[in-house]
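Same chain, two partners: chain A is paired with chain B first, then with chain C.
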Partner chain A sequence: MKQSKWKPWLYLLPAFIFLGIFMVYPLIDVFVYSFEEGYNSASQTFFGTGPYNYRYVLRDPYFLQAVKNTFLIVVITVPVSTGLALLISVGLNSIKPLKELFQTIYFLPYVTNTLAVGLVFMILFQKTPYTDGFVNLIIKWFGGSSIDFIDGPYWAKMFVMCFYTIWVVMPFKVLILTSALASVNPVYYNAAKVDGTSKLRIFTRITLPMISPMLFYLIITGFIGAFKAYSDEVAIFGTDLNAAGMNTIVGYVYDMLYGDSGGYPSYAAAAAIILFAIVLTITCVNLLVSRKNTTYA
Partner chain B sequence: MHQASSYEQIERRARTRERVRKTVTYVLLVLWALIVLFPFYWMILSSVKSYSAYNSEYIPKLYTLAPTIQNYIDAFTTVSLGRYFLNTLIFTVITTGLMMIVIVPAAFAFSRLDFPGKNLVFTLFLSLMMIPNELVIITNFVTITDWGMRNSYIGLILPSVTSVFYIYLLKENFEQIPDALYKAAKVDGTSDLKYLLKVMLPMTRPTIITIMILKVIECWNSYVWPRLITDDERYFLVSNGIQEIRENGFGRENIPAMMAAVVVISVPLIVLFLIFHKKIMAGVSRGGTKG
Partner chain C sequence: MKIVLQDLTKRYPNRNRKIKEEVVAVDRFNFEIPDGELIGLLGPSGCGKSTTLNMICGLEKPTEGRIFFGEDDVTDLPPENRGVGMVFQSYALYPHLTVRQNIRFPLENLKGDKKLSNTEMDQRADEAAKLVQIDQLMDRKPSELSGGQQQRVSIARALVKMPRVLLLDEPLSNLDARLRLQTREEIRRIQRETGITTVFVTHDQEEAMSISDGIVVMASGVVQQIGKPQDVYDDPVNLFVAKFLGTPAINVFAGEVKGGHLFINGEDVLPVGSVPDAPVTVGIRPEGFVLQDDGPFTVDLVRVEVMGRDTSVVSTHPSLEGATVRSIISAENKIDPKAKQVHFALKSAKVLLFNKETEERIRF
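This part shows the complex of A and B:
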């Protein structure tokens, strides 16, 4: 009997050890770091405790640039990708032939290495002395003038960034929305058809409410994901995001931790906690809004 | 007479409208499919263009008449792509294997065994899912550095061998197995461990495979942690390798060779996806998220 009392804990032990060392302890530690002023990683000493790290980070122009970039990415990519995914899923659900082929194609970006494909995007958008690049070729076709999307004006870089982010996040959203749409009970549609309801009205009064839980799930995870944008940026603009003016909050955290400007875990910790606070606030707001507007059938 | 023709008219109009709707739908779907596929086409196309052909095309051509495999040879000889590839393979296999060893017993304990405080422990467990990686990675970086495990496989692997989410997913699946089986096994004197290995695992094989595939994808694409923990080229994974190749590999202008490297890196997962696409898509829709 005594032996079996310990057995469950024995099964849990490996998971506990790993989670303890690499999740629970770091979670506490990161708050400690963020309040240790002048922490030196080499000698592991610090001057004192206080909110100085937060003040430093909040005044750092690089951080403010990163916050601006991140917010722009969030504000642009979340609505656009969700709307586009909805459009595509509705289209997918209304056809029979080729549906599976399209679904498989649309999912492809999910399984590709973002760093690798980002390089292709960079080449498609880049303008070098040797070539204007493919995208500029199309722009010129339509009579525009070529732009350097990778080293050029801020809005052009932001455009590429958002375009690539949307390309990367679409597979997940299309997949979720397609299965949500397919699971709406056809009885509702048939009833509406008998009543002669218009297609638009069917969509806004039946389809949207029925899939609203999934839609809100996608919006919430979309917000969280977009706030953590980082490797897509690296894929397009290279590791020195500050030089490109395209850094994100997560990028700022990692740059502070490691790399050419690194070695400041305290600043990194403060920035990470600020990010966490932002994400938590927005998620709570999202949840409140969704509770008011979601229909659970 | 007049009535009939107006019916016909209405019907014809309805049919035309339906046809227009279908056409618009297909145009939209094909357009998005092209946007998705085009980068893949472009990387394959560029990877078989010769260096001189690529650089002489001021206006890039959409096809090539003289494909070459020279770039692939370059990708494996001038930069250590083979090495990155092997590293990623080792990293992926060991991480996935270790993770299964850690999560299967934990899921078993939560689903099948009874112990005091189980619900409380499980709730605490679930709350760990909310912790973003960005918060804990700072200390993990310091921990691994302090342990002298930078630039080593073990340092790469250790922080990613547990996943609260997969424990949760597996636990849910284990609970679907009827109690009667467990009791029957107990009557027969089967030990818990044997029951887990001989009955539960085979019965939940689809979920196990899904989890493994999702983990493999995650490992293959991981970038942030390997970048922090390795600066010795000999331990680079493919993501860092491609970044290294881009920044100081072939020289900035040899894009065909870079594209060959990109193709080589992308192929394993795409092949995996084409084989298991139903499983992967079902698995992801059950709760995978990117990143």
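This part shows the complex of A and C:
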């Protein structure tokens, strides 16, 4: 049969059109904006071209704070949430009674609204003139002094932020990992048992390599998701993240566009491009590392 | 190392929870496997042969009964303390490890004074690989091997820790016909060379008959017959065993014994001595027919299949239980393929009588 050359492209055309309009064009546009100094979206004018926007953004203490916050969130939440999810999934996989119940409980945060969860966290952690919050009650009960987690020291706020992020992203990871664990053929475990393999060695030499593709998928998407963090911060600390010192890179981009100090699309574009470069680099590193350590069987 | 199974029984709770009655997978299995022999557990699927193997291995705990390896009672020992090597039906090779790593895996688990150095482990792995002739493939991944090669790797992995007992679960079922023939010789050779007492499970009677020192025929959890392959084939204790062994399968007819003679479809086909008068089920092996113009056994010819060495005569008979009668005769006999009927005499050793109700063998 003769295959026509243009037919497959015709089938792909709708996808190309949508991706082109809503992804490729904006991406190029943002890239162009980031080099146009003082661009005004209303009058569509700018003074000149050059790296000035990048120079400004990279010297802006708010941006540097946002980068620091974002990196801290990434470095803490991705390993902790993935590790905890692995632990919980292994636990879930090895119990029989009430397994479904626990699976449902662990999945609940995933279907719960971010803002609702944020509100609950506020109630748990916030210190008001009327109450110290639930967590502080516990701390005091153990003989500690109360801490303001929402308006207090930086480490306390970062703790709540990471706690919250881990809590929100873990259910999906637990879901993926439990199904990955369940899909490992039990015959491997039987073979290992006959050969007298210890539980720990079964886990490190058989289970982990077998689920490694899923694990790396979660780590890569986890990194990307954590770098794009913004709504979770708003849910806990409100919209003025710069004042709270808890802004993230995406939050900075938003503020530069629409925030109280906003109206600078060029700065926003430069910050967005910097974030893009960071995420791209880290994802590439991730893929390189995972290719060496993953087995697809 | 001889293996003794004493009243070995396995019962499972019924899958339907409303039914209290337990499912009996293996029912009071008694058997002594002599040291260094290759024994085939044979039966249709669901007969309990794999459960028996898993109990010998230690992966399943018997509900009742004991298992001895030599003089040691191993019933309560976990698999790793029994000294068994197991080859799984799907081979269970770890896909992320190379052949060498797979074979070394059991050795790396050894602890205490049994612990081996790195070079010792490599040496042992090389020896095992050489035994099954895969020593050139040591650095490949299982996915890069053929089915037969994977099978050899899994045998090497089972042998590398020098087990007292080697267990194989359906070792040939995942191989194509030609490889199957080759691999079963190979299993026989390896077993002879190592002298390890070996038990394997199969549903393929040809496989079991061709390489085993002894076979155990099982049906729905109960041992039907134990013996040397040829003995079980020649002298089955009941209709099930007679039907299960032999290709082509035994031909089964409804018949009757009257006055010391066997009648099938009213024809006096064979004197059977002192068998009391009663309706019987008659089994005739395909090789039990002798072409004879005035033979007493008449069949309606369907077709003649020439297979070179032998000729297979396919025919129908009014008293037959089944579709066609298959008789194998020497190719030197000439049959007119257009003939309507063919007459046979019967070899009395190949004619087996069974009680019509109990299906137990009636000897004559």
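Note that in this section the second predicted complex is superposed on the first by the 276 of 297 C-alpha atoms of A that agree within 3 Å, B and C clash if a C-alpha of one lies under 4 Å from a C-alpha of the other, contacts with A are read in each partner's own complex, and residues count from 1 in each chain.
Note that in this section contacts are C-beta pairs under 8 Å (C-beta built on N, C-alpha and C of every residue); 3 or more make two chains touch, one makes a residue touch a chain.
Predicted model, so just to flag it, every value in this text is computed and none were measured.
After superposition onto chain A, partners chain B and chain C are found to sit side by side with no clash. Set against each other, chain B and chain C differ in how many residues of chain A they touch, and the higher count belongs to B. Applying the stated contact rule after C-alpha superposition, one finds that A:Ser179 touches chain B and leaves chain C untouched. In the superposition on chain A, no contact is made by A:Leu86 with either chain B or chain C. Shared-chain residue A:Ala244: touches no atom of chain B or chain C. In the superposition on chain A, A:Val135 makes contact with neither chain B nor chain C. By the touch criterion defined above, A:Met161 lies against neither chain B nor chain C after alignment on the C-alpha atoms of chain A. Once chain A of one complex is fitted onto chain A of the other, the partner contacts of A:Val78 are absent, as it touches neither chain B nor chain C. In the superposed pair of complexes, A:Ile147 makes contact with neither chain B nor chain C. Following the chain A superposition, chain B and chain C show a smallest Cα-Cα distance of 8 angstrom. Contacts of chain A with chain B, set against its contacts with chain C after fitting on chain A, share not one residue. By the touch rule above, chain A contacts chain B in their complex via residues 5, 7-9, 11-12, 14-15, 18-19, 21-27, 29-30, 33, 41, 84, 87-88, 91-92, 94-95, 98, 102-117, 119-121, 123-124, 128, 130-134, 137, 167-170, 172, 175-176, 179, 221, 224-225, 228, 230-231, 234, 238-239, 250, 253-254, 257-258, 265, 268-269, 272-273, 275-276, 279. Only residues 185, 187-188, 190-198, 201, 205-206, 209-210, 212, 295, 297 of chain A touch chain C when the two sit together in their complex. Residues 57-59, 78-81, 84-86, 88, 90, 92, 94-96, 105-106, 108-110, 143, 157, 161 of chain C touch chain A in their complex. Residues 21-22, 25-26, 28-29, 32-33, 35-37, 39-40, 42-43, 46, 55, 57-60, 101-103, 105-106, 108-110, 113-115, 118, 121, 125, 128, 131-132, 134-143, 158-159, 161-162, 164, 167, 192, 217, 220-221, 223-224, 227-228, 238-239, 242-243, 246-247, 253, 255, 258-259, 261-262, 265-266, 269-270, 272-273, 277, 280-281, 284-285, 288-291 of chain B touch chain A in their complex.
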